[in-house]
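Paired with chain B in one complex and with chain C in the other, chain A is shared by the two complexes that follow.
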Partner chain A sequence: MVKKMFGLLIPVLSVVLGLLAGAIIMLVSGYNPVDAYMALFFGIFGDSYFLGEAIRTVTPYILAGLAVAFAFRTGLFNIGVEGQLIVGWLAAVWVGITFELPMLIHLPLAILAGGLAGAVWAFIPGLLKAKFRVHEVIVSIMLNYTALHVTNYIISYVLTDKLDKTNNIFETATLRSPLLSGLTDGSRLHWGIIVAIICAIIMWFILEKTTTGFELKAVGFNQHASEYAGMNVNRNIMMSMVISGVFAGFAGAMEGLGTFGYASIKSGFTGIGFDGIAVALLGANTAIGVVLAAFLFGGLKAGALNIPVETPIPNEIVDIVIALIVFFVASSYFIRWILNRINKKGVK
Partner chain B sequence: MDFYQVLQIIVPSMIGLAAPLIFTALGGVFSERSGVVNIGLEGLMVIGAFTGIVFNLTFADVFGAATPWVAVLVAMVAGTIFSLLHAVASITFRADQTVSGVAINLLAIGLTLFLVKKLYGKGQTDMVTENFDRVDIKFLSDIPFIGKIFFSNGYYISYIAIILAIIVWYVIFKTPFGLRIRAVGEHPMAADTMGVNVAKIRYAGVLLSGAFAGIGGAVHAMTVSNEFSHTTINGQGFMAIAAMIFGKWHPIGAMGAGLFFGLAQSLSIVGASLPFFKDIPAVYLLIAPYVLTVIALTGFIGRADAPKASGLPYIKGKR
Partner chain C sequence: MEYVIEMLNIRKEFPGIVANDNVTLQVKKGEIHALLGENGAGKTTLMNVLFGLYQPEKGEIRVNGKPVKITNPNIANELGIGMVHQHFMLVDPFTVTENIILGKEPSKAGKINIKDASKKVRELSEKYQLSVDPDAKIKDISVGMQQRVEILKTLYRGAEILIFDEPTAVLTPQEIKELMLIMKSLVNEGKSIILITHKLKEIMEVCDRVTVMRKGVGIGTVNVSESDPNSLASLMVGRDVVFKTEKKESVPTDVVLDIDGISVKDARGIQVVNQLNLAVRAGEIVGIAGIDGNGQTELIEAITGLKKTINGSIKINGKNIQNLKPRKISESGVGHIPEDRHKHGLVLDYSIGENIVLQTYYQKPFSKTGVLNYSKIYDQARNIIAEYDVRTPSEYTPARALSGGNQQKAIIGREVDRNPDLLIAAQPTRGLDVGAIEFIHKRLIEQRDNGKAVLLISFELDEILNVSDRVAVIYEGEIVAIVNPRETTEQELGLMMAGSKRMEAGDKSRG
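Take a look at the complex of A and B:
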């Protein structure tokens, strides 16, 4: 019970500390933090349009968070979610602009194509880790940049004739919904949030209710023990990366089929993959935690856009707050140490 | 255009683009050799670039032609201070080093853009007026044939990067301090037993990486982009990490890899106008550093092994 409280206390405390530190930075820079946080709050809950945009932002965050969290549970650090997301985005759009099928087939096919592309991209570090013991972090960082340049090339030289974005996807492959958009005052809210929630449930089910999930977690806890128990460690490493890549690819598909409806040349990363690390970390790598953390970070990101509208404060303050929250969660040893100190004093 | 002329264009451009990578990769060597993984090099370069450009813009009147040099020194200090965050989190607080590095990257880009908007009221700075000048090195540029290729139309700071690689090699492999750095990175417990202060040496390693990455960022900003925006440092830090690994955690190797990646970058930029390279799609040159690093890691080009204790916090008394 005490341990469970601790598990909840550290993320909450980190968020509070992050917001406080953000407030201090604003005070030092001569801004009013109350104004900023009011504008932020209004930017999320202020009206139905803001709320719709916030939920839309949350969608890829959930999936990216799930991707990072799933790999984490097997003891792998999938820092390559960003690259897997980009290839998933492109693959989903590719299917979306190429085929003409009834929606019932086209839309699932496009989403699955995104997941498959993400899986293939994640399989490479998984394979190299399993066969050559190469650290997955380095390989997936390298593959992030490879993905960025290769997709840019495909968009401008294969899918189009030197244009900077593809055609829009066919109506039969779109996740967009006039209904949702109408409900939220014309926001870009789409059905992706349902896909994301389903994926969260699938992740929970795989990890908690299946033998595969048990093996994956066992490998994460102790590779050697799992090997002596007769589990195939290499196969589990690859499997974990592939499933993680599917989630990441789905995240890209949500952007391609829902938010934008096309794929465009990128000068840099979307950042969603890296924020997924923050989401997974704050959510303690559990499905429900990831969903909650994604709502927090996605909400913050969406609400941030309202800060420069209502105040003179740059919206980057929210990026600073998110980075600080990651910092505090990562340094939880420090928070734990202080709490232990306080507890011990209380006992005496 | 004959091949000799082509070389005169490509090589100076290669050395120029490689210098920031070499500085940063050398920093990475210090950090990783002491046993602390530093994914935050990208963010530290961002800090360096930001500090360098802002200092340059603010104090150009005061320092005149010496401005870029002073700016690089200030960026070095800024990088060192910022890397303290990574050191405290990963050494004292035993945070996951990769996560802490990611946080550094997120924080650096957020903080610098916040400050740019605060200082200049827009998303990017103005162009700097005091740049590093391209120079022909005295005497050396007069050497027949190679002088025109290697010692003409370059930056002094680029040659300093190459000399620095040799100095770092000396420090790491020939001095007691270097021995201690390698010891705490390979087997911290043994080093601790012999009376080496593991935490102190690791702090030194991380702070040095911050200093070098700060220099690297500032040099990149003041030789390539000449301004600061969110795309000024766009993967150079990660490419420096790649160079460090490709160079097998060895200063001279990192320098060689840095030069090679600089060549790939330079070909992807100037290649389109050159006779031999214009038929190669730029995408191959753009992804070459990354793909080659992956291949190097898998052991096809000799095995690359990280220092043994790299990435693990050292906890006294824990076996």
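Take a look at the complex of A and C:
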């Protein structure tokens, strides 16, 4: 019980410290932090449109966070979530614009295509790690760039004739919902949030309840002992990357089928895959933690958009404040250390 | 009476536990003073207090009769106290000299003077016959040599009192002998030594006096010359201990493990097991005696499927299991207590319960169609914990939090409970105290009496001679002799292990 409270205390403290540091930056630059945080708050909860947009932003963060967390829990660092997300996005849209099927088949097919593409993209570093002990971080970083450029090529030369975005997906493949949109005053809120929550439950179930999860975690903790116990270490490494890649691909599919409805040429990364690392860290790599962290993170990102609208604070300062919060979250080790010190003193 | 070190009525608490309770330790100049106690008795803690790593809640420390406050290791160094830690604190890519001067670099105008330091290290090494090469890199020298570097480190800093924390746990029998000589030469030069150990043989061999600790309490100090291993053991454990494990005559029946002419290469591609033959029957314990590095590890890995063999055959109950996957072999009736329990035996971050089912989690009743049944898993864990006397706060405790002896008991419980036809026990008692050793030996013999085959691999000749029904001597990857433990001596075995005495083993090894 005490431990659980402790686990919750750290991310909360990180955020508070981040907000405080952000406030100092704003004060120093001559802006009013109270106004800024009011605008931030309003940007999330102020009206139903903002809330809808915030939840929409949260969706891919949950899935990207799950992807990173799943790999972490099984001893791997999947820094390639960004690339897996990009290929997942394109694959989902591809299915969405190519086939004409009833929705009951078309939509699941498009989502699965996104997951499959992410899985294939993640399988490559998994395979190289399993067979040749090449570090997954190096391979998956490079595959991020490969994904970016390959998808750009496919969009302008395969799916279109030198255009910078694909057609819109058919109505039968969309996650958009007039109902949700209507409820939230015309926001782009779509059904993806349900998919994300289901995936979080699936991740929890795999890791905590299944023999597969038992093996994956064991291999992540101690490959030697796992091998002694008769587990197939190489297969588990590949499996871990593939499952992680499915989550990442789904994140892309949510953007392609829900938020945008098409895939367009990107000049740079979406950043969601990298933010997924912070989300996973903040959520202590557990399913429920990732969901909560994604809400916080996505909420901040969405709400921050409102700061320059309502206050004279420029975008750049807003980015700095968000980055500070991430910084404090990432350095939660430091905060844990301080708390431990205080705790020890308390015992004496 | 002249004491160099006096620790009087020391008390040291950790949250929830009193690690040292009113312990008194008085060390005379020029003696080797043993500190004896089971795992967890508080020996390391007491020495960490002396070395300034912990502050005692109560008690007084005197060095050469003067009361001192040792608030950090630098002060201990200044007082001439040096510690050779249980886990070496060396930087692998650095040379011996670099490691020794680390933190105390001699410099001229800001430039480290390695040459002088190296010369001084060489002189020290020669004076105490340590034969350490000052310019060798740590990663290239053996564990025994690394320990000597730790010794040199303390001497270089001018230590007069040297603390050794279980120095022999990591050494081979030959290295242990050499270390004993080194300790003797140190006291001859006027140094004083505190030797932490739970090996009674070592105490009888080199120590002058011994202070016994039990569960944090100082039991007392006795002269070694007026004592014997039995009485020391009962002082340490708090009850009588049987050394010669009682066992009936063995009744071997069918051949369970049948190894015929296998060869195995090690990680570097060198053939370390050469055309080896060995048979183990149901109802007998075969002990493999040999010096470390003669192919024992690779032999076990070959039997358990972790390493490929190049020729010959390995049969369990007549079925060829050669080069099958570890899981298939384990399912064929092979249990395995691995040599390195942290690396191979346990997933330290998993709970004890999860570790208990590490090989069987995918079978009923622990899981069904891929879904784990944790209540069954923890039921099983509770059974093993009770039956094998694993001392743990609960079955949910991470394996990491248990002491070495209790981790080992959990592994043994897990393996024996599967009731394998062949149980391979590699160094099953390494680093454990007499109480735990006695327990483990009993369990191995029990397995044998239940008609199972047991293969025991150990560097401890005592253990081999005490527990085995037949002893197979391994040398350079071959079984060079099979002897009856009652008809041989440690000396004879030692000679055979060193390769100087070879018996025709070909047929005899098949039992």
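The definition used in the following text is that the second predicted complex is superposed on the first by the 325 of 348 C-alpha atoms of A that agree within 3 Å, B and C clash if a C-alpha of one lies under 4 Å from a C-alpha of the other, contacts with A are read in each partner's own complex, and residues count from 1 in each chain.
Everything below uses one rule, namely that a contact is a pair of C-beta atoms (placed from the backbone, for glycine too) under 8 Å apart; a residue touches a chain by one contact, two chains touch by 3 or more.
Model, not experiment: these values are computed from the prediction.
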Partner, of chain C and chain B, that touches more residues belonging to chain A: B
Contact footprint of chain C on chain A as seen in their complex: 209-212, 214-215, 217-218, 221-222, 224-232, 347
Chain B-facing residues of chain A, complex: 25, 29, 77, 79, 124, 128, 132, 134-135, 137-139, 141-146, 149-150, 152-153, 157, 267-268, 274-275, 277-278, 281, 314, 316-320, 322-324, 326-327, 330-334
Interfacial residue positions of chain B with respect to chain A in the complex: 37, 39, 85, 88-89, 92-96, 98-100, 102-107, 109-111, 113-115, 117-118, 230-231, 234-235, 238-239, 241-242, 245, 281, 283, 286-287, 290-291, 293-294, 297-299, 306
Partner chain A, residues of chain C touching it in the complex: 15, 304, 306, 325-327, 330, 336, 338, 343-350, 354, 358-359, 361-362, 367, 370-372
